[in-house]
Each structure stands twice: as C-alpha cells, then as structure tokens.
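Presented below are the structures under discussion, each in the form of structure tokens.
In the two complexes that follow, chain A is the common piece, with chain B as its partner first and chain C second.
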Partner chain A sequence: MMAISTFSNQRALQKYNTRDTISAYALVGPSLVLLICLLIGPSLAVFAISVTNWQFGAQSFSFIGLQNFRELFDDRVFLSSLSNTFIYVAVVVPSVLGLGLFVALAIESRKEFQAFYRAVHFLPVMATLAAMAIAWEALLHPTIGLVTRLAVQLGLGSWNFLHDPRLVLATLCVIGVWQHLGYAMVLFLAGLKAIPSDLYQAAEIDGVDHPLDRLRYVTLPMLGPVIMFLLIVITLKALETFDTVAVLTQGGPENASELLLHTLYVESFQFFRTGYGAAMTVVFLLIVIAIIFLQAKVLDKRVHYS
Partner chain B sequence: MANVSATDITKIFGGTSVLNSVSLDVRDGEFLTLVGPSGCGKSTLLRIIAGLERQNFGSIAIDGKAVDAVRPKMRNVAMVFQSYALYPYMTAEENIALPLVMRKLTAWQRLPLIGSWMPGARARRAEIAREVQDVANALGLGPLLSRKPSQMSGGQRQRVALGRAMVRHPDVFLMDEPLSNLDAKLRVQMREEITGLHRRLGATFIYVTHDQAEAMTMSDRVAVMKSGDILQLASPQQVYSDPENIEVAKFIGSPQINLIPSIVNEKAELEIFDMKVAGILPASIRPGMSVTIGLRPEALKLALDDSSDGLLAHVTYVESLGSDSYIHAKLVDRTTAVIARATPAEAATIGNGTRVRLRFSPKEALIFSDNGERLRSNNCLPILRKVGG
Partner chain C sequence: MIAARAHHGSAALRHVVLIASSLFILMPFVWMVSLSIKSPQEAFQQTISLIPSVFYGHENYQRAFVDVPLLRFMGNGLLICISVLVIQLAIAAPSAYALAKLEFRGRDAIFAMVLVGLLIPHQVLAIPLFILFNKIGILNSYASLILPGVISPFGIFLLRQFFKAVPDDLIHAARLDGLSELSIVWRIMVPSSMSAVIAFSILSVVSRWNDLFLPLIFIQDQQLLTPPAGIMLFRSEEAGNSYGPLMAAATLIVAPLLIAFLIAQRRFIEGLTVSGLK
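Then we have the complex of A and B:
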C-alpha cells in the first residue's frame, strides 16, 4: 500500500516537473526568438558580409577572406577615425562623470531651485540632438555665431570652432559632454539620495569631516554601482556618436572630426561598400565588447553592491 | 573619563520645540539611559551631545569644558547608531580602523597608492592594525575581520559598530537605540555585553532607548522623557516604585500600571468605587477632589468574592506565562480594566467571569492629581500650596 502511494506520488511529481519545464521554455521563448532575429542574426550576417566584397545593390559578390580587414588598417580615413574616436571617448567619459558628479553635489548641497537646476541640466538629454546640433552650429558660426563673437569681444581672437582641424574634435567633445551631462547628473542625484544620512554622521564622528575625505570615504564608494553603470553607458553613447558629426562637420575638415560610426555610415551607405563597412562594423563591435568587458572585469570587483 | 552636562538645552525644528530647556548631568563613568516614547526628544538630545545637531539655546559641557563650538570628532565621543551605520563597502577591520586612520595618519599618509610610502606611514598602519586586532579580540570578532557588513549577522554588525566606537578610547559613548534592530534573544544577550563593556571600560555611557526593559536592566540612572521634557531622573528602582509623575508610572513597568479613578470624600478618605481607604492622603487635600490611584500588577492580591475588603472585579481573561499569571479584570464600573499578577496556583482557581476581590496595601498605592503630579502623603499638592499662600 505504502509503496504504491509513494509510486503514484512520484508520478504526480514528475508530471508537475515536466509542466514546469514546458512553461519555463514557453516564457523564455518569445524573447529568445526576438534576440535571435534582432541581435544575434544580424551580427552573424555582418560577420558574414565582412569577408565578402559585396556592394550594396550588386547582383553578385565573392568571398575575399580578410582582404577587407587588411585594407582597413591601410585606410588613412579609418585610422584617423579610430584614433579620433578613442580621443573622443577618453575626453567625454571622464568629463561627463566628473562634471556630472560635481553638478549633482552642487545641486544636492542647496535646497533652493533644485528642481529648476535639475531640469536645466537634463534638457539636452531630452532634446533631439540633430536639432540641437543646428543650434550649436548657429552659436559657433565663424562670423555671426554668439560664442565666436563673444570670443572676439573678449579679445581672445577669432576662432573657427567647426572648421579648424585643430579645434573641431575638441568642439565635438564639448558638445558631447553637454549632451550627456544631464543624464549622469540625474543618476548621481538619485544615487546621492540613496546614501543614508547616518553614514555621513558616523563618518563625522569618526573624523571624516573634510569635504574631500567625505567624498573619498563615503560618497564615492556608496556611488560605486552608479559610477559603474554610467561608465559603461556613457562609454557606449560616446562610441556611437553620430548626429553631431553628420549635422555639423561630416567628418571634416581633413577627417579631423571623423568618428567611427560616421565613417562606417559613409562607407556603407554613401559609397555603398557594404562588405568594407561590415568589416568596419566588426572592428567597432570588437572594440565595444572589449571595453565593456574590461570595465566590468576591473571595476566590478571594486564596486560594492548593497 | 568625563562627565557630561547639558544646561537648558532647547531645540526647535521648524517652529515646534523638540526639547524644552532640558538640563541633565551625567556623572563620570555613569551608565545613563534616556528613555521615552518615540518623538520625546531623546535622540535629539543625544545628537546634540554628539555635536551632530546644534541646539538653539543652552550649552553642552564635556569634562567641564563647553563644547558648543567643537566639531563632533574633537569632542572625544563615540556613537553607535540604531542602523549601526557601518560602511558597507569596507571590511569589519577597515570599519573599526577608520577612526584611527583619520586621527593617526596625516592627509599625505592617507593618499591612495603613494600614501604607504610616506615616512612613518607603515609604522602607524601597523600600530593601527594592532589596536584593531585588540578590540576585535575583546569583542570576539577576530575571525570576522575580513568580512563585509553584508556577510555578517545583525549581532555581528552590532559588535563591529561597538568596536568602531571603542577603538579610540573615547571618554563618552553615545548609543542611539543600538539594540532595536536585533531579535529578542540577541537583544537580551547584547544587553549583558554592553553593560559588561561599560564595567570594563569605565567610560561614561549615554544610552537612548524606547524599550523600558533595556532602561531598567542596564542603567545606573534613567531619565524618563516625554514631549521634550525630562519627567524624572532617578535610579531604575526609583522610577519604577516611586514615580514623580503619572506619565513616568505609565511608561515604566510591563504590564502597565493600573490606574483607577477615585474621589476624596468628606472624611478625607479615598473612595474607590465601593471601597474606602483612609490614611494615605496628603493632609492638605480637599474633599471632593478626584485623583487617580496607581497600583502595580504585583500590588494587587487576589481574594475570592466573599472576602470583605478589596476592589470587586470580574475576570475577563487569564494570561499564563508559566512562572506567573496575569489576571485581566474589569472593575464594577465595567470600563476600568486592571491587571493583577497571580501565581499559577491562584490563577488555576479562576476563569473568565469569576468575581474576585483585588486587595492591596494602602502604602503601595501611588496617588496622582488630575494634572498627573504625584501626591505624597507627607507633602502637599503644589497647586494647593500656591493657593494657600
């Protein structure tokens, strides 16, 4: 009797387990399909196209191995685009994080006009960058631009921010910082609000009462997860900067403002060298993955998640 | 070692007064507890002593020196918070070491990476590590030093917080409800540990709690606070058996003191429903006045209905705790609820609805005037004294 009931219990249990497994697959299914269609599939297609000489619209193409990649590293435009992109990321990401934290701390330290300052700094994040880029163009115009005229008035000489090869990348960097600052600020503000005031008070009694010490021993470690997140997101956003280049400079003058995504777009969709563009995309993807992986690997160990 | 004195401390938050000119003298090496319901101002007073909050009026002195303009870290006080306020990203060791790191190392020696190459830094660091180890051993934290707070239990975190307070040998320990996040069993254990610590260190402890059991068991003296005033400052035994105020009597003691309304008759006797008590009233009390009689549950003795004296009551509920039983009953007006303590043997003879007599010795009755002041049989009502001249 006993044995039979145990046996039938086992059967029932097995049935439940099977049902659980089926429903688990059913739940994962839709997102798995989407992931394959929208992400993994296209990525594989890009890898495949990158080893061909296909041109957009062409009837035929042939396998050319790593020819595209070899060509890439002899391509002066690509190489300067690559180095410009690295410089751009190296300037924009730390500036956005540093300034974002600074602005957030400044807003947090005063009770007045908090909402106003928050909104003002967040505006660029919500605005369409292509439209904003035109506003920037007007501001930076070599003869009638407000900023240029101001520089002249202040006796700083005449500047051609968007057409001087020595200045153009720096100008794009400034616009990039302006664009992402609000996003970093809002996340930092949220992070600051989540730090319990007890901790600052305990620190004060422990002797941590210089503002810099407070920053080092309490604020920054408590913001660790936010910093980690922002570092990755802002790096990604900086890597894929496109609108400002396309609207303001088209990569010129002398490729001085060429950034990877713009170069890639020009090769693929203006010159229709799809195979070559795909090879560039592969390099771009590998860079993105490498950077994110490195950041996650190095920083995750040092970040405290509560 | 230091005494702490607060003189006429007033604190106003946005128009409401949280502390009304409170004065308090804590003796050197004393364990003093501030106890009271939430919102009574006890934590604010502690934080003013710590220097985390600034009073609007009044002065704080530690060891005889006014510290009103002194920053918290220079007051030589340590504080343990209710939330422990441990740095979650630091190990237990780093948590305990931080007060020493901030005091013993120069800003140069604390610099990341190059700090340890500064002259003298290594020797100081080694010294700090030794002191941290000593404190950890004293608290039984040795094996946990490399863990972060998230990897520790509540009791262990509590000990780390204590260690962080102890490590720099402060004159005064301030504790803000340090045990209220622990479970009941651990709380009793930590109660013992903290009193043991107080004895060992001999430092002055100021301890804030809303738990009267903690106040009663741990302190040398208890300050009972309510609505920004200290109602009574006395030994635990005294606040229990000799409260100066009905609020103190109500707050201290569990189950709560029984409060029974009563009238003074023409013969200067107390009339409590059908019972009359003579000879315990202050001489100057006027007939016709209503007073409140306070009787602790253990002051009420159970007798059966047929006995001649005592308050008539109907038992509503018998609560058995094993060693003791609490008899819940209603008096003859059917609204005044009282609780009497009885032995299990006594409790076994009665059940819900049983009519009993509750007897008490008149000298155990605490008499309070309508405004809550205690009326002692050998002194008179303050108000009446004023009226009388």
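Then we have the complex of A and C:
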C-alpha cells in the first residue's frame, strides 16, 4: 500500500508523460538532427580542425596545438585584415545607426511622401549586393564613373576610390552604410510609431520644448530596445562583410581593404590551408561571440527606461 | 500632436534632407540602369548624362543573355530559394509547435540549442561543410547549396514565438476532433500565424537569392551558379570593357526582388519589423 502510493505520487510529480514525449520528439526530431549535424557539430569541428596542419586534399595531417594561432598573429595580411575589420565596424555601425535614426525622424516628422522616402531608402536592403557592388564600381570608375566625373567637373581633381590604398577602406565603408541604412531606418520607424504621443505631451507640460531635448528625454530612451537590437545586428552584418571585398577589391591594394571574412575565404578555399583557415574562423567566431555578450551585458542595463 | 510635429522643422528642410539622402541611395541604381542602355562609345564619353542619345538597351540586354547563361543563373537561384524555403518550413513548423506547446523532457535544452544556432554566423560552417560535402560527394551540386540552408534556427524561433500566442483551447478542441499532432501544426498553427510565415519566407528568399559566399565556395560548374556568383564570373570574363551588357545583367539580377518589394512593400517592411522586434 505504502509502496503503491509513493509510486503514484512519483507519477504525479513527473511532469511529462511518455506518450507526449514521443510525439514531441517525432515533431522536433528532424530539426534536432539537422541542428546537430549542420550547425552545432560543424561549429565544434572548426575548433578541432584549427589545431591541425591539415591542407585540404593532403593525405595526412597532424596535431600542432596552437601553432596556427601563433602564426596568425605573425601574419601581416591577417593583422591588417583584423585592424581593417575593426575600423570598418567602428565606422559603419555608428554611421548606420545615426543616419538611420536621422532619416527615420525626418520621414516620421510629416506625412508627405512618407511611403516614397521609406521605399527608396529600403531598396539597398533588398538588392543583390554582388550586383550592386558592380554598379558601385561603375559609379566610381576612373573613366566611366559618374562620381569621378562630377569630381573632375567640380574641380576636385581625379580620384581612384577603389585602387588608392588610402581611400579604398573608406569607400567600402560608404557602401556598407549605403547597404544597411534602410534596415536601421525601418526598425527606427517602427520604434517611433510605438512611442505613445501623450508622452510628448507630458514632456511638454514638464517644460521639455526644444526638439533636441525631446529627442534626448523622450525619443531616445523609448527607442532603447530598438537601438540595442540594431547595434548587435548591424555589428554582425558589418563583421560579415564579404561581397563588396570579393567583387571590388579582393582585399587590395596592399591589403588595405582586406576584411576578415575575405581573408578567411582566400586562405581556406583558394590556398586550401584548411587548418589555418579554421584557426582564422575560430578567431572570427570568438569575436562574434564576444561582441554579442559585451553588447548584451553593457546595454541590458541601459535600455530600460528607468 | 500637430503642435508637437510642427516643432520638427519646416517641410522644405525635411524634403531637402530626404532628397539628398535619396539621391545617395539611388545613385548606383540610376547609373547602373543608365549604363545598361548606353552604347560603348557613349558610356566612355566624358559628358554627364543619364539618358543616352541613342538607345542601346536592346543590344546590351540581349548580350547579357548570350555572353553568360544568365537565364540559367536566375533559374538556379529560383530553384535553390524555393527548395530551401519549402524544406525549412517543413522542418521548422513542427518543431516550433513542439517547443511552443508541448511539455517534454529536454525541451529547454533543445530550445537553448536553437538559440545558440541563431548566433552562429553561417560562414563559420564553411570549412566543415566543405569537408563533409566532399566526403558524401555533393560538392559542386544543387544539394551543396540547399543543404546548408535547410535548418533555420531563426525560422524555428520566430514561429515558436507566434505559435505560443495561439490559444491552447484551439489545440485541445482539435485533439478531441481526432486531429493528429502534425495536422494540428499544418491546419491550425501555421494558418493562424501566416504573418510570421510570410515574414520568414521573404527573409529566407532574399538572403538566399543574394548570397555570394556559398556558391563561390561550393560550386565550380558554371551551369550551377546562382545570380550573385554568376555576375561575378561575367565581370571577370569581360575584363571591364563591356559595361553595357554587364550593367544589363546586374539590373536583371537585382530586378526580381526589387519589383516584388515595390509591389508588396508593406509585407516586406512588416516582415522585417516583425522579425526584428519579436
């Protein structure tokens, strides 16, 4: 009797019944298997490959510990790629957020042509970047480029935006801003719409009249969650920049436009230095993880309107 | 409210600012289309004009299809986008339902894995997948472009958020009616979360159509290239001396998504906002 009641109590305490668990796993099974085989497993495999000297196609390879990582930090191409990537992110992310907010505020401030301006600014988000990179090349081309011609006609001299090592990274930054601006704008517009208008009225009663003050005391705090989300997403998008480098510069001239993902691609899939490329991938992944944690931690405290 | 809005500065200033930024955004599109209808002579003329004196579009667009298998590239792109999307949804919807509505051992662990998957940039997987695909012999095939996309942690996450909002009573009633769990997914959960399904579909197709990284790594055969890799090939083959056809090809590659966007603007923007703010 005792034993039976304990047993049934245990059954009652058990949250899950077997039948439900089986049907749940039947539903979730395909996802689980693919998640492990195509995402989690390969991500872990990168770490394993990064401590070998494997070259794709070679018959054998051996464990070399952290040798690849040591070599990475002596590799001039990698080091300039790393610093270029940080510069690129440091320029593109604040510019996209700042300009995105500015454009969103301008669009939101009045009714006329709202849909038109919004659509225009959103076009680059949809457009195939590899194709648009070629359009940018034509725009900046020394002989057929519209921008270069305008510069000459305005007496600003001749420029070679994509082949001058001093200009090339800045040029890629401009294209990066062009590409992501619309994404930030759309999310800011949604965020602005969600701000209740009586908040502005309340602020006005409290003597907050100046538009800049309203921005500072009402709009920006209310946009906190959107800003945090965008900060993470745009940073990741900027870190993952590949198409413009691959199509326009291949990292040149003099590695001045080498960005992490392109360097990784060249080492792994053009030189087939698999182990070395994996080490670079690990560094890339660690940077991504560090940024996500850092921003989530720092910003989590500030986003909520206290 | 109107008083508050009036503070934002004059209407004229707003238009000046927005027209300036619109010009910046539109510049590459306009120059691309302009060059695509110019003759080679006119393209290299030093005068600045957007509309050519002689319309050369016919020749340029025709050559875009002849010089490279552009139609084939676009067909490949379409095939890959649709295959990936169908498989993604078929796999994500049932698991999103299980994660949202069923209680089972290991659920939190699986959801944690989905969240981890959400954070892994897909480029990180390139080397291991390259090795795996080489082992199973599918490098340089459609499968190598489809397989990396079939599991979408984002899709599972997004659908789960929406499925959670579906009332439990609906599910209980369906069970009493004798519906299987799988038919609950497809007949109740998915139809009641169509806005999420559409948002996800748009984002999936856009990112797949535009992706350059995977085809560049996995595909050697010209006939299997997708539009972004195809146009890169076109450019390197033309070596910079026939801008007209190249710009025509770029225009044609960019056009489908832009036209779809202009037709269903609200859907696209809502989709992006929904997925961003959920």
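In the analysis below, the second predicted complex is superposed on the first by the 270 of 306 C-alpha atoms of A that agree within 3 Å, B and C clash if a C-alpha of one lies under 4 Å from a C-alpha of the other, contacts with A are read in each partner's own complex, and residues count from 1 in each chain.
In the analysis below, contacts are C-beta pairs under 8 Å (C-beta built on N, C-alpha and C of every residue); 3 or more make two chains touch, one makes a residue touch a chain.
All values derive from a computational prediction rather than experimental measurement.
The superposition on chain A brings chain B alongside chain C with room for both. By the touch criterion defined above, A:163 reaches neither chain B nor chain C. Note on chain A: of its two partners chain C and chain B, the one contacting more of its residues is C.
In the superposed pair of complexes, A:201 makes contact with chain B and with chain C alike.
Shared-chain residue A:213: touches chain B; no touch with chain C. Of the two partner chains, chain B is the only one touched by A:221; chain C is not. Of the two partner chains, chain C is the only one that A:131 touches; chain B does not reach it.
By the document's definition of touching, of the two partners only chain C reaches A:118; chain B does not.
Superposing both complexes on chain A places the Cα centres of chain B and chain C at an angle of 90° as seen from the Cα centre of chain A, in steps of 10. In the composite built from the two structures, the nearest CA pair linking chain B and chain C is 6 Å apart. Overlap of the chain B and chain C interfaces on chain A comprises residues 201, 204, 209.
Contacts from chain C toward chain A in the complex involve residues 1, 4-5, 7-9, 11, 14-15, 17-18, 21-22, 24-29, 31-32, 35, 43-44, 46, 48, 91-92, 94-95, 97-99, 102-105, 107, 110, 113-114, 116-117, 119-121, 123-132, 147-148, 150-151, 153, 156, 181-182, 185, 206, 209-210, 212-213, 216-217, 227-229, 231-232, 235, 243, 246-247, 249-251, 253-254, 257-258, 261-262, 265, 268-269, 272-273, 276-277. The touching residues of chain A, when paired with chain C in their complex, are 15-16, 20-21, 23-28, 30-32, 34-36, 38-43, 45-46, 49, 56, 99, 102-103, 105-107, 109-110, 112-113, 115, 117-132, 134-136, 138-139, 143-144, 146-147, 149-150, 153, 178, 181-183, 186-187, 190-191, 197, 200-201, 204, 209, 211, 214, 225-226, 229, 233, 236, 239-240, 242-243, 246-247, 261, 264-265, 268-269, 274, 277-278, 281, 284-285, 288-289, 292. Remark: chain A residues 196, 198-199, 201-209, 213, 217-218, 221-222, 224, 304, 306 touch chain B in the complex. Only residues 47, 50-52, 71-73, 77-79, 81, 83, 85-90, 98-99, 102-103, 148, 150, 164 of chain B touch chain A when the two sit together in their complex.
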